[in-house]
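Each structure below is given as structure tokens.
Here chain A shows up in two complexes: once beside chain B, once beside chain C.
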Partner chain A sequence: MASPSFSQSRAFPILLGASTFIGAFVALEVLLRYGVVNKYVVPLPSQVLMSLERIVVEENIVGRMRDTAWEMFVSCIAVIVLGVPMGALLYRWQPLRRALLDWVAALAAAPLVLAFPLFLVIFGRSATTVIVMSVITGLAPIVIKTTEGLLGVRSVLINVGRSLKMTDAQMLRMILLPAALPVIFSGIRLSWTFVLISVVGIEFLINLGGLGQLINDLAERYDLPGTYGAIGFVILVSVIFFMLLERVESWLRPAR
Partner chain B sequence: MTLASTATTGAPSGQRPQLVIDKVFKQFGVGPGAVTAVDHVSFDVKPGEFVSVIGPSGCGKSTLFNIIGGLLDEYEGDVLIERERIAGPHKAVGMVFQEESTFPWRNVIDNVAFPLELQGVNKSERLDRAHHFIDLVGLKGFERLMPSALSGGMRQRVSIARTLVFQPQILLMDEPFAALDEQTRLLLGDKITQIQQDLNQTTLLITHNLTEAVQLSDRIVVMTYRPGKVKRIVDIDLPRPRSSDVVSSDAFGHYVAEIWADLREEASRGMADSESARRGGSRG
Partner chain C sequence: MAATGQVKDLTATMGWARGGRSSLRSTNLIRIGLLLGMGIGWEALSRSGLLFRDVVPSLFSIWAAIWKLVMNPAFYANLQVTAWEIFASLAIGGGLGVAVGIILGANRFLGAAYEPYVYYLAPTPRIIFFPVMIMWFGVGVASKIALGALSCFFTVALSTAGGMREIDKVLIRVGRSFRATPWQMAMKIYLPAMRVPVLNGIRLGFGTATVTALLAETKLSNQGLGFMIMQIYSRFDMPSLYGLLIIVFILAGVGNLILGKATGTSA
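Our next item is the complex of A and B:
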């Protein structure tokens, strides 16, 4: 067992994560080699690893990652730019909140991806379709969490603002939003998860652009190691996005 | 020493009151279920005076605090500051709240400098002034810490410094030590007394703590249980400068006993009322 000082060091979570990954990798390899899991359904992890070089060289992975990352970036920023003000509006205007909040929650559960033909008709087979659909898919959690976060701000903090004769805009910028930030960030994380899944999923469905299209192509060629390798690159892009988000969050939210 | 108590509602003559509460009446709800929280309460506070309002839970103290602070604007009667009737929060009043009210996303100095930031004071000046008040409340050396790293008493001192930094004419405090243990409460009381004397700060304290009120005040307004009326106003003739040592004096004990005699009756009514409400609730 690790000593308490080591388990609290910065390296410990990284090592634990890496060893968990390697452990799962080895376990799956063993299960596949001994026939416990069907090799024709799940490729050997070692084959997936070896396919990485091939898909990097042959499948323009850098360009595809750039396309997917760009669509993800635009969508992720758009859900914040649209979602936070929408959440603030629902907080500020109670009749609107009572009228719409349940519908917004229903939107989060709606399988919007199935409406892709409609968006194809409106925006054509383009990155715009991917972005618009992903933004709509990711909007609900951030709107709900922003409203929830603002409603949860302790009344004493609002009273401090009122006692200092703050304007509504000052109150929102200097008290409500900072106080609600932890909850808003949990909404952003949820929204971004929806957005990242949606971007790759729609690229896959409409066979356009970045990593989603590559996964589609490789799956149709029945290149299972390549397919899983490409999925690995999707995970890599997602990890980068969430690491960036964590950085931004720790910058905006010093230790409370 | 004689215990000077008065049944009048005004400050002793000689100085014009800075804050006047005149026949303030506030009712919540309408019809038979309406609750009168504050019933024609009148008293005043002179410049530099420390007045406490004391009463049992449910006597309308916090309602009065919110009215004087301008957070409740629908009431009858008048609250006048320098003869001006207040409508909404007034720039002359600085409020310290019962609940922990520091901003957890700002460190100590940024919390304290917050009101100056709102006023558009330039950074170097607001930091200088914030440092001065942090020093005054005894938090020198803690400027860069976040509130989460401070104790409850320290956080409350940050709130007090944040209120004092914009130099309000009247400091209005609603049970600021309610969540603190007795020793911290006494020590913070010392700090408040010292600050009040140093700044000659007009202060109105809302409290249910009898010893705290006697320790700090020049006068104590004793309220009745619901509806909250002024039962009487007691002058506290204890020497100043004052410290928590005063709690061991005979005079202090006499004041506490005298005011408790008034309060006990009100607190008993409050307790009986609360028990009967619980019995009613459990039957329902």
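Our next item is the complex of A and C:
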């Protein structure tokens, strides 16, 4: 039942957003059917929806997702394995931190992904190229955030460690890393988002592997509904991945 | 930050920041040492024959290639095309981003309705929209501009919306108490107060627009620095490939630095 307070409730803007989204698709469908928008440039939204089943059945979406997921998994693990110790190293040696942190920040902003032809020469057109490029792209945020997180650990906690005569390794393992975890995880979230963008983007650019190649394949076949459907599918996967990371981050946040 | 300072003091005493008396001089020495070490290591690897010839070319040949590139008029023609694509992307995507950001940031209801879509679409890989942009705008410069604009739109919109919400309420109340018109409110209160987040968004947008436009050029193009990279790659001219990538990284860094200075935040 619509009540005066409904328009002020939290659900109302969400419903409005969703209905605008759906309304835009319906309007596009009508415009396309009446020939206002060219069907050879934009497919009917209904055709795009129907193409999703075809993509899943005929285009080996499970296998492609497995390829992308594998590249993602290896890259995501690698950025943690490399990035967290690097961040800890920069935290531990102040001169090194002063010398390198600006460079790492500059790396985060550099268009590193553009170096993919270089890695094509070195590693060939293979998953290794995708993984190495993605690790390089995703490394900087986790290094920066690990250093930032460790520097932000409360002195009380460090004092406790000192009073217990902990060694450096114990201090890192039992005090510093757990206390810095929320900040480190926000670095992991950023890094993994970079990795996802890089993996799918390079798959698309070099026409290899999973979901990125699927879009390229369908576009080269001029399968318009399929191309739009595959793009929508990749967006959906990205959004779900990003939401999951956010959920984990917010779960870790109160522990600080 | 005070907390950071405390930790720094503490870590200096407990061995977690050995060499805490490091100065600018030692920082520069470390940097020069690292650069020299990397350079010598690279050159040694290049001459060792451990890797395929040309995969790790000599630094001298890379330097020669850089010199040859910057002396080549074709480089400047391609640079001009890429610079135009990035500028147009930033103008279109950034302009739309600022407008949408102001609307979403100013109106809590519209923000709650539409900002989640902007927020969750922002981290998706934009290059996958390239086939769509080709269908809409053709294979020329327009499709790269459109993709670059799409890339930077989200960053600028989110940054502007965030900046809009951060405006000190006192400033807004002062404007209202003076019975400022909406135009006066925008020009005298909102825009000056939002300068930093908007410029920050534009700076981030510049980065994403640059990467996306260049990547689009590598995929399908007949001009621009991305196209030049792929041409060099197809000739297997590794020193030139390294050289051009170094030039592109430097140019992107300089652009970022200039925008960073304008924002008042370093790179």
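As a working rule, the second predicted complex is superposed on the first by the 187 of 256 C-alpha atoms of A that agree within 3 Å, B and C clash if a C-alpha of one lies under 4 Å from a C-alpha of the other, contacts with A are read in each partner's own complex, and residues count from 1 in each chain.
Convention: a contact is a pair of C-beta atoms (placed from the backbone, for glycine too) under 8 Å apart; a residue touches a chain by one contact, two chains touch by 3 or more.
The structure presented is a predicted model; accordingly, all values stated were derived computationally and were not measured.
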Which of chain B and chain C A:R154 touches, first, second, both or neither: both
Chain B versus chain C as contact partner of A:R253, first or second or both or neither: first
First, second, both or neither for A:R162, with chain B first and chain C second: both
Of chain B and chain C, the chain that contacts the larger number of chain A residues: C
Which superposed partner A:M171 touches (first chain B, second chain C, both, neither): second
Partner chain(s) touched by A:A179 [first = chain B, second = chain C, both, neither]: first
Shared chain A surface residues [contacts with chain B and with chain C]: 154, 159, 162
Contact footprint of chain C on chain A as seen in their complex: 10, 12-14, 16-17, 20-21, 41-42, 91-96, 98-100, 102-103, 105-106, 109-111, 113-118, 120-122, 151-155, 158-159, 162, 168, 171, 193, 196-198, 200-201, 204-205, 212, 215-216, 218-219, 224, 227-228, 231, 234-235, 238-239, 242-243
Sites on chain A touched by chain B in the complex: 154, 156-157, 159-160, 162-166, 170, 174-175, 178-179, 181, 253-256
Touching residues (chain side chain C, partner chain A) in the complex: 1, 3-4, 6-8, 10-12, 14-20, 22, 26-28, 30-31, 34, 55, 109-110, 112-114, 116-117, 120-121, 123-132, 134-136, 207, 210-211, 214-215, 218-219, 226, 229-230, 232-233, 236, 238, 241-242, 245, 248-249, 252-253, 256, 266-267
Touching residues on chain B, where the partner in the complex is chain A: 69-71, 88-89, 91, 93-95, 97-101, 103-105, 107, 114-115, 118, 146-149, 166
